[in-house]
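This report concerns only the one structure given below.
Chains here go by letter, A, B, C and D, matching the order in which they are written, and residues are numbered from 1 within each.
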Amino acid sequence: MARTAIEFRNVSKQYANTSQYAVTGVNMRISEGSFITILGTSGSGKTTLLKMVNRIYEATSGEILYFGESIKNLKIEEYRRKIGYVIQQVGLFPHMTVEENIGTIPQILRWDTDKIAKRVEALLELVCLPPRDFKKRYPRQLSGGQQQRVGLARAMAADPDLMLMDEPFGAIDAITRQNLQEELIGIQRKLNKTILFVTHDVSEAFKLGDKVMIMHEGKIQQFDTPYGIISKPANEYVARLIATQDIVQRLKVLKAQSVMLPVDAQVSDRAFRVGTEESLHNILTYFLEHDQNHVLVEDCGRGVVGKITWEQLKVSTRQGKILSA
Amino acid sequence: MINESIAYLLLNIDKYYEAVMVHIEISLAALAVSFMIAVPLGIWCSKNGSVSYSVINAFTILRIIPSLAVLVIAMPILGTGFVPALFALTLLAIPPILINTYSGFRNIDPFVLECAAGMGMNAGKILLAIEIPLAMPLILTGLRTSATEVIASATLASYIGAGGLGDFIFTGIGMNDVRILLIGGMSVALLSVLTEVSLTAVQHMVTKYQRD
Amino acid sequence: MITYLLRYYDQMLILLLEHLYLVCLSLIISLLLAIPIGLLIARSKWLSTAALSFFGVVYSIPSLALFSFLLPAFGLGKMTAIAVLVIYNQYILVRNTVTGFQSIDDSIIEAGYGMGLSSRYMFFKIQLPLALPIILGGIRIATVSTIGIATIAAVIHAGGLGVLLFDGLRMNYLPKILWGTILSSLLAYLANHLLLSFEAKAIEKARGECRGDTV
Amino acid sequence: MIKKISGLRMFLLLSMAAVLLVVTGCTSNSASSDQAKENKVTIKAGSKDFTESLILGELYSLALEHAGYKVERKLNLGSAIVHNSLINGDIDFYPEYTGTGLLTVLKEAPKFDSKEVYQEVSAKYKEKFKLIWLEPSAANDSQGLVMRKRAAEQYQIRTISDLQKHASQIRFASQGQFDERSDGLPALVKVYGSFDFKDRRLYDNGIKYDVLHNDKADLAVAYTTEGELSKDEFVVLEDDKHVWPPYNIAPVIRQEVVEKHPEIKDILNKVTAKLDNKTVIRLNAEVDIKKREYNEVAKEFFNTIK
């Protein structure tokens, strides 16, 4: 069982000079290594919730625990250095090169120069920026997508356990955003970081999150897996939110894994095989194009683990639709 | 001290009134002349990249010359009184308006101009309906800077017989009489603040479209 | 004019040096005052507006009058002159210091604190270098205007190049006036140039510009 | 970046230090005369801010230096503050005019005999301010009103009474303080009646003759030993109702200074004795018309009398 990385205990936040609460009575646990997306419209309290974690905002009441310890008792700067922080505007230091930006925290932590240089190179590789070309550049010599990649690398410089990301891809064009999303998933798989990711984009939230937290009016409306939310929206608000996505869109965020029927490992069917992460959207496309009525789901390493039929796809799609209507 | 100043003021109210009028007159004249020179020049510079650099540089250098020096040096050439003072103050007032007009025009989004041209406006229409209104806030900022400087520097014009509130300061210094000094100094400061406030109000009106 | 120069170059040199002394000393004092004031008031929108309006009003008092107002307090000579110059400089320097720090993109500050940088580190390594171009711009404008206003300080017996101008006026003698003008303008021009080069370097640094290799 | 700031600071500091060195070096050089004797007493010399006073201040300073004193020059002070500077001890002496002492400082009624005026001011100064008037000069630099000869002839103005009658046709170039000073226009108004000038403008004292010459004004304030008055173009109006007392020149010195160093009296008196109207006008003209530096003119003259 994974440890609890962050726990909220009845956390509320009220800004000065306002009577309304931005966040009210939030209780939840986030286990280590999970990728949580926080979804909501502007003013829903999602960003406030995120920023209370690294104490950019202080909670008005309640308590936030970091691996069991109240964050109020931790030395703020040392605590923040253990958390990677990525924001939409990136906030790179314009007067420092890419290398210096990424190396800021390691330098403060007094790593030796060699180690820092190696770390910077490794991180640049990780975010798909060839170090040789990019190390010495200044932020204004980078495109928006490249800047955010550097922002990501900078946030990971000191190998934080937790990453907070506030709409990091919000200002980036659609194609670059797709690439970045996929890279982020890859990085998370590889490094097993705990990530809290705020977004207002429903498909982004469903695509990235192991679990999605839907916020509205300062409260958590539902906190569940994408499939759980689509198949059983907790209330009217959530239902309406996901209904705004058309069926095809919704199929894009549902993974083969979530609807397949388990089968025995020994199947010698020559049907088309897909991965457990394959979206239902692609499977539907396959059915329509090839006049087939089932595919097999394969997990790398374990062989075939399940089966999806045309009928079943229809049922799960309708189920989602009926429940959300 | 304030009471004594006021007593002196009441005793010399005619002189004071005239000095204020002359001060306003000379400042307004200098501002008007420099506005009429600097705005067209600024527009022209913004459209002629190659000359703009040297014109703006030349005026920046002119601006560096201390105003006292401009005044004193203008005197043997232009004589005494209103004309050399106007000349010196105009020279002082041009650079801020010029530079702000230039950057006001330069800052206009080229797409806006493209749109306007695409809608079939000719160059004159674009200038009047689009460019000038968009550059106006910055031009007015320049005018404000110039106004403050001109009003304060107009006091120096007293040395060469141009009159104005400088007469009080000038006499006050000669007599070492703080009453007279206070009248002169405070009036100029007040005049300058009033100008600033009213120009800010105008600027507010002109930039209405920038607020929601 | 040249005869005048050849005859009195030594006196002119002394006046020039006096002028430099006035300008340098008042600039140093101004900076020592203005930077902390600017930092203090930059934190509050209300405070900075109030303080800047106040300095703005003071700035609009004609120098001739301000020199004489301060005569009773500081007496004749350089003290009063320096006091006046320092007072005038506050407007420009404080304004630019405040603008310099307020113009830094909020996201940079948030990212910095979010990363766990200390306030000290943030100030010296991030905020100061980014605000520096605007602060240096203020110093440059203040220097040029100080050189100009310092000429008027001759009225209160503070010496400097203004002596040439006022003596020229008293004697109604053109070469003296011209030399006063030339020397003070030249001084202002050189100072402007020198500080502009510092400023250009600071801008380059703050914006992160390198030679040539922009994308 | 931090390095650069400190570089700038360093530069400023260094240049300041250099300036300081040079300035102090220069002033001390010029102050120490070539024949400094055993007494290194420093005397602070003052003067008013117009040509004549500057020349005289320098002249007296040179005489003291010649006698082995160190002199700290605080010349070029505003007429209105020089008396206070003397009382405060900012300066030890300055050349003053007997008439000014009588009317402006003591605010007494005008008197017209040179000797009488001198006796009154020296007695009252000693009693009131502990200040000593040294011997007065023969030169009399009275106040006056000057017109361009042509304008004077045109309106047939010879005296101030004539002027009062024609005031409404006359443009007056004042210099500010004359309109306010008790021995200026207010004194004239008291004796001659009001002057309703056609036009009244302020000009710097230095350019008044230019203003008259260029026909920007008809009338200006004059001091009767001014160099320009040697020109035929200008005429001084007769003070027919005697508003102005004589204005003889004498150094006014602080009593304690004279008591400590009695020989200063003789040193300065020797200089004053050489000052008659002709000499003073000539010295003024050297500066105001030939545009030479006052200290040079003073030095040249001193070399002929030492």
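Everything below uses one rule, namely that contacts are C-beta pairs under 8 Å (C-beta built on N, C-alpha and C of every residue); 3 or more make two chains touch, one makes a residue touch a chain.
Note that the structure is predicted; figures quoted are calculated from it, not measured.
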By mean Cα position, the chain sitting nearest the middle: C
Chain pair with the higher count of C-beta pairs in contact (B-D, C-D): C-D
Remotest chain, chain B as reference, centres from CA atoms: A
Whole-Å gap between the CA centroids of chain C and chain D: 36
Geometric centre distance via CA averages, chain D-chain B, whole Å: 38
Rounded Å distance, chain A centre to chain D centre (Cα mean): 87
Rounded Å distance between chain B and chain C, as computed from the means of their C-alpha atoms: 21
Of all residues in chain D, the ones touching two or more other chains: 1, 81, 204, 207, 210
Per-residue overlap in chain C, given as positions that touch at least 2 other chains: 71, 129, 169, 205
Junction residues of chain A, two or more chains touched: 95
Chain pairs that touch, as defined at the top of this document: A-C, B-C, B-D, C-D
Residues on chain D engaged by chain B in the complex (per definition of touch): 78-81, 84, 173, 175-177, 179-181, 201-204, 207, 210-211, 214, 216
Parts of chain C lying in touch with chain D, wherever the complex brings them together: 8, 10-11, 14, 17-18, 20-21, 24-25, 27-28, 71, 75-76, 124, 128-129, 132, 157, 169-173, 175-176, 198, 201-202, 205
Chain B residues touching chain D - in the complex, by the definition given at the top: 75, 79-81, 158-161, 163, 167, 170-171, 173-177, 180
Chain B to chain C touching residues, read off their complex: 60-61, 64-70, 72-73, 76, 148, 151-153, 155-156, 159, 166, 169-170, 172-173, 176, 178, 181-182, 184-186, 188-189, 192-193, 196
Footprint of chain C on chain D - complex, ascending: 1-2, 4-5, 8, 12-13, 15-16, 19-20, 22-23, 26-27, 49-51, 74, 76-77, 81, 85, 90, 204-207, 209-210, 287-288, 291, 293
